[in-house]
Amino acid sequence: GTSEPASETAGETPVKGGELTVGLAANPDVLDPSLAAGLESREVLTHICESLYTLGSDNKPKPQLATDLPEWSKDGLKITIRLRTGVKFNDGTPFDAEAVKTSFERHMSVAGSQTAMHFDRVEKISTPDDQTVVLDLADEIAEPTTLFDYALAERQGGMIMSPAQLEKLGDKFGNEPVCVGPYKFGGYQGQDRIVIEKSDQYYDADKISIKRITYQAITDGAVRSANLRSGELDVALVDAADVDTVDSDGTLQKIDTQEFGYMGLTVNLNNADGVDKPRRTPDTAMASDPRLREAFDLAINRSALVSVGMGGKAVADCWPFSKQSPYYRNAPCPAPDIDRAKALLTEAGARTPVQVDLMTSTDSESLRLGQLIQSMTAQAGFAVKLRSVEQVTATEAARKGDFDVLLRQAALGADPNRIQPLNYSKADTNTSGNTGEEIDALLEEGMTTTDEARRVKVYQEAQDLVRERRNIIYLFHRIHQVRANPAVRGIVLQPDGLLRFAGARLTK
Amino acid sequence: MTGIAGVPAAVPAERSGRRSIVFRFLRRPRALVACVIVLLFLITAVFAPIISPFDPSVNDFNAVRQAPSATHLLGTDELGRDLLSRIIHGSRASLTAGVCAALIALVVAVPLGLVAGYYRGFADTVIGRLVDTVLAFPFLILAIGLAAVLGPSLLNATIAIGVSHVPQLIRIVRGEVLAAREEEYVAGAIASGSRDRRILFRHILPNTTNTLLVQATVVVPTAILGEAALSFLGLGVQPPTPSWGVLLSTAQSHLEQAPWLSIFPGLAVMLAALSFNMVADGLRDVLDPKGTR
Amino acid sequence: MTGPVLEVTNLVKHFPAGGRGTVHAVNDVSFTIGQGEVLGLVGESGSGKSTVGRAIMRLVDPTAGSIKLLGTDITTLSRARMRPLRRQMHMVFQDPYSSLNPRIPIGEIVAEPLRQHRWGDRRQIDRRVAEVFDQCGLRTELRHRFPHELSGGQRQRVGIARALSVNPKLLIADEPTSALDVSVRAAIINLLMDLQRDLGFSCLFITHDLSAVRFIADRIAVMYVGRLVEIGAGRDIFADPKMPYTQALLSAAPLPNPRRQRRRERILLGGELPSATRLPPGCAFHTRCPIAVGECRTEQPELVSYPGGESAHAAACRLIAQDGTAPHVARGSNRPGPRTFPLSTT
Amino acid sequence: MPLFILKRLRDSVIALVLATVLVFLGVRALPGDIATAMAGEEGSPEQLAAIRDRFGLDEPVYVQYFHWISNMARGDMGASIRTGQPVSDLLSTALPATAELAVLSLVLALLIGIPLGAMAAVRRGRAVDHVSNGFSLVGLSIPNFWFGLVLILILSIGLGWLPSSGYRSFAEDPGANLLRMVMPAMVLGIGVAAVLARQMQASMIESLSTDYVRTARAKGLREPSVIVGHALRNSLITAVTIIGLQLGALISGAAVTEKIFVIPGLGKLAVDSVFQRDYPVIQGVVLVSAAGYIIVNFAVDALYSVLNPRIRVAGGAR
Amino acid sequence: MTTILEADRLSVSFAGERGRIQAVEELSFSIAESEVLALVGESGCGKSVTALSILGLLTSSATTSGSVTLGDVDLFSLPPREIADIRGKQVSMIFQEPMTSLNPVLTVTRQISEVLRRHEGLSRAGARTRAVELLELVGIPDAGQRGEEYPHQMSGGMRQRVMIAMAIACSPELILADEPTTALDVTVQASVLDTLRGLRDRLGTSILLITHDLGVVADIADRVIVMYAGRQVEEAPVEQLFDRPQHPYTNGLLGAVPDPDQEVRSGEAERRLREIPGRVPVRLGPATSCVFADRCPRVTGECRSSMPPLTSVGNGHRVACFRPGTDVFEEGR
């Protein structure tokens, strides 16, 4: 969603300059494109580090620092990237093919790199001229990789860092990142505030209006929305629970969008010992019989879940991709049916109540959803035991296979292949431990095909398999709710929950 | 009963001493009221299922976040559960945490304090250093750390709170023992040929019970507050089991739309802590008449 | 007579004074107590009397010297090895309030030594408790009472009953009457004297009450800042005090008789009692002694025995003549003239 | 310097070193590590391994401890694993906020607790006695996070008098800073004020019944001089020791208070970094707060010994 | 001789848990100029309460009745501010425990100066100089230096001298000395008594001396009042009291003290002290009969039913007993 149509509304005068204070839901981690792992750091980084590619309003990759989408050679072993001219890093050094090469090499090699995987198949990087970068790819598919343009557009691999700064700071680049971007890093203020300032080196500098943006992390949703209302913050993401309160003032402008990802239940099917260990089926009811999982699914009333648990700020759905994605399909959820669920339990010969251990994190939203699922499924004969552990512990438990069912928010991207790590039998992030030659084959094909229509079909087939197995039970897509000072125009909210301020400006 | 001649017959005399304490205690209206409130809380906790008007974990999706009304005396929460019933059931977790944490703290601290205070020397040095160290950690950080290591549950939160009170209790017990050790009656016992064990448990320990009793009653309310704080941070009782801390923590998101969700459980915590504190005050007054408050 | 009941030789006890040096509480004290003998130990507050008593009881560990109880050296016995010997001696404490555990009925308090020393079975112990209660003038019904339910005099009787329950050979009484009222004090002194006469135990009677010590003790030892300065038969000490300090002490104790008291001549001591942390060199008394000479300030006088008197009379003063003639210390009138109160301003 | 102060100093250093060991072992006993925290659920084992390798998390704990201690000795507290900011930077921005909060609430507590307690003792059984008792009982019993929420509800949301959050450093804008510190200081201060009031009341009652106060009266001093010059003077000396002990309560209270009022202080830093398993930061924070506690208590002891001539002037007749 | 202070039917009671504790009852006495009046009796018989009540220093749980006149001022009817003007100026007090009675955190000189500044209006420096003089006066060597010390640095005897210096700072007419030597050793006691005696002789100060030590009484008192359980049982000039005690309680007290001299004279004849059986009662409410009846060897029915009045037996000797007389106690426990 966007805050307002770009055209000026009558009677409003745009103001040049100005400052914004933006609320973040978590502390950004290191502001280093290769090392950053969190969403919040990416939100900040997108303003100071432009990428070769970015997502367009249709959520498909489009060039940003490149002039075109990557050109693939016929044999699929060579990618050519053409770069913009006349671009400068924020430290004034020129942006050229050599800089791109340096950045790519750093992405690939720096210790702890979060971006290295995008370059898995890259064997050689050459720079035939200042405006051209050529990547030679390895032939064999050692590891499935996502498509290059999506990956670079959605993740930080496409961000190009100033070689001079890299030279200077090495792996401490994140302490003072310098890239090409409308804003430049202005420093930390305390533990939780990051300032970025308008850059005069930016090629489109005259299109940038806001002078200075302060990001402030406020983890507590209620506090964040209170700050928003009191005017301490100009823009922030608002938790579902707080939306009504914030809107009751009627003064803030609303910016909504459906997320790419989904909220769902991951069932531990074959991950008894941990994702990096051989698959083994845990000794749990839910893993033992698909009918139990179906019964569980049927017991959940998604519309009640959304209206009570999410204050209606979500869309009940049984498909991983939301409407934002080209890969969306209207796949209606089974209507809640307690009788059928009970019948399934009887059919499966399960001893009721069926014991289910549901792991959630400790935030109030997860707790709320967990308790709702608990009471809904209780009617069908499940005895859900909630285990709420803070995020890191939950993640660790998921990796170790120490769970029955996990309530989790999956942040997918525009690239449909983002479901691959969750379902591909060889992926070591496949926490449900889903296996199957059929789905493996589909996912492999989806990855290597560039044909859009074919991909849509492949992923739909793969998804149907997941829906049937119910190793993941999809619940809903949340609607990101951003509230902003009405004087700010042109804020862009992307489906991944990131806000873009490059086109923003203040009005009187 | 120690099986010595004379002791059984001593009971009436002892009881008369106790009775006068009870009598003096009951003559303090504030302490009496507090005692009654504590008792009411305990009764509420024990008979929660009978007393509470609703099942605390059954949702009524048509009555979400309703203000207090005739049906739901204290209103309903964000999942349509009756707040009164949840507070009533929550008293179980909160009081258990409070009382058990106090017990845990006593069980750990008393032997250590006895040993440190009575034998002094090396044991005292080691225990003293540990106490200093642990005391230097802020209580909540310690409790958070422990709760995170042990995993969140009522039991673990209780252990964490209990343990975090240990150093302070050790100090108190040790101080008492040091003082008692210098009492002439201990010299009298040594001169009578008594063994260390008897001296510790028959002579010194009973003379520290007043302080311990008062301290225990002081730990209870802080432990109730501690449980609330840990649950507030998501390290306590697991839902849907309510505890006052859990209620408060979830209520925080609805502070404005549904202030009753914070106000009533908050009042419950405060009232419970208040009455335990008042009982402690009363005990202190009665058990230590020269103590000034 | 088969040797002394208690033999204390060169007893020294130092306490650490919390980083401020050492408290020389007892320095080189030697004495013996014979069978059935009562030795009175007198001295001013802080002179180390209680410390001597406690060291003998091994309630504090002596720094040096030796203590022999009935011929056994108990100076360094471990706590466990010491336990059986505690049957042979017990102690009555100064404060009848703090020396009885407020939470234990007095019957049990008195039975404690009996049980610890396995006096017999329950019935025997019961009988013995009743017996000592009777001896100490306590009604048997009181045994279930708690100490706070008794009067000060009754409590002190309980203390005595506890000490005597196992029939010890030696009783150490550390100012057993100083916390009591005059009328009660008399009763307790009478009781102790009666019991001593009947049971024949030896006794170290610590006190600062000179009138009482003369009354009860066979021999008297005088301490001054940790040292024994004079020891001898009571009659000798009172009749012929040798050490100037003893003389001063005796002359300062007021007589309960106005005529005689006002006619008395007193030795007036100036100066202050030296601190046990910073003992002066030489004779500790020289700072207050009206007749101190040069060497008193540098050299420590030995305890020397002098002939005459009932039993060995020893004193530590360089100024005592070879034949035991006590030095003469000038006395002032008890009715001081204007000189003692120089008034400058009004 | 008196010997006991030196001993106290030695004990403090030992406690501090033990504290570092305890933290080191403690945080590593938490389930999950920074790699898990950073890479999230989709983090592949290689990514995790890369992170662990980068920060030396695979080495044995004692080796890590040794590295840490030897770096510390060189004044290098390490850098946050998450953001890469030097721990010393984080601490130097967090410390002033917490220190300010602690000082403000302490001042508030002193301003409320001492006069209230003293007056309650002087006017026993009168209205102020009851007010003081009521106040201290409520102060001890009120959950401070709840009190914080209620204050926000009333003062910020209801009346709109005070901003609920958004820390401004004092240097940046003193007015805004103080305005935002009012509620946190109240929340944090009330408990300490309650303890102080009780303590003060008890020690004043005791002082007032001492022989030397009776002497002061027998000298004919007027009641105010007796109370202020004799009773209060002695009671304040005991109050000093309480303040040191209350610091621990203040620091842990700060964690919750800072979370509610979004003050970027040590407490918030500690809780956040525990949840993110940011070891260097946790270690730094705990070390600093433990050191703070130890130093303040040491200072309080020293101050106490200066104020109290019985300790200051050693020696004497006996 | 002029009367300095006169107490008439002075009674003090305290509100206790089980009723009103009668601490002092109907006590009447007067003190003349430069007279030492001793108040003797066992612990708890109301000596301290008497002294404290004179200066209005009792706790608020006390109720006082009767009257105390100083010169011609009725102290009990004075407003608190005016009583404060008298305290330390006309009437001052010395307490039993010199350690706890001095403020531990103020220097000695400072504590003495306080009185002078309050009553004499001296400047800080003037008060200090005078305080040092006073310390010299009571026999503290190096007064200038030692005055800067804190109480805990001084010995018990020195502290008691400081108390005395404080008490005489404004040359009071009357000093109430509550067991001034009880905590001291005999040698120190002797010199403190000397100091008090000197005061009386030189300044004509009257002293109300409270003690339970008959030796001290014999040493310094002119007149003695014997108290028992809050009541005055006998009053006499000192020699008369020791020679011819009339009340059985006084007889008992005198008999309970061993007299070393006497013992030396009489030899081993009778190694026993006289005892007074029983204990001092804590009395609730006013007495209606003789308070000593329960412990008295001469008790009769009359003693248990009515109160013996304080009657004169000549020479300023008064006794409250139906069967007065000097005699020997019966033996036995």
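Each chain carries a letter (A, B, C, D and E) given by its place in the written order, and its residues are counted from 1.
Here is the rule we go by: a contact is a pair of C-beta atoms (placed from the backbone, for glycine too) under 8 Å apart; a residue touches a chain by one contact, two chains touch by 3 or more.
The model shown is predicted, which means the values in this text are computed figures rather than measured ones.
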Work out which chains are contact partners of both subunit C and subunit D. B, E
From subunit E, which chain is the farthest off, judged by mean CA positions? A
Express in whole angstrom the distance between the two chain centres, defined as the mean CA positions of subunit A and subunit D. 40
Centroid of subunit C to centroid of subunit E, CA atoms only: how many Å? 29
Subunit A to subunit C: how many Å between their CA centres? 89
Subunit A-subunit E separation of Cα centroids, rounded to whole Å: 91
Would you pick out the residues of subunit B that each touch at least 2 other chains? 148, 151, 233, 252, 255-256
Residues in subunit D with touches to at least two other chains are numbered 30-31, 152, 157, 209, 259, 315-318
Subunit C touches at least 2 other chains through residues 272-273
For the subunit B and subunit D complex, residues of the former touching the latter: 128-130, 132-141, 144-145, 148-149, 151, 221, 225, 228-229, 232-233, 248, 251-252, 255-256, 259, 262-263, 266, 269-271, 273-274, 277-278, 281, 291-293
Per the contact definition, I'd like the list of subunit B residues that touch subunit A in the complex. 57-59, 61, 64, 78-80, 148, 151-152, 233-235, 238-240, 249-250, 252-257
If you look only at subunit E, which of its residues touch subunit D in the complex? 52, 55, 57, 59, 80-81, 84-89, 92-93, 95, 97, 100-106, 114-115, 118-119, 149-150, 152-155, 158, 163, 166
Touch list for subunit C against partner subunit B, complex: 54, 57, 59, 79, 83-84, 86-87, 89-91, 93-95, 98-105, 107-109, 111-113, 115-117, 122-123, 125-126, 129, 143-146, 148-149, 159, 162-163
Of subunit B, residues touching subunit C in the complex: 4-7, 9-10, 12-14, 17, 183-185, 187-196, 198, 202-203, 206-207
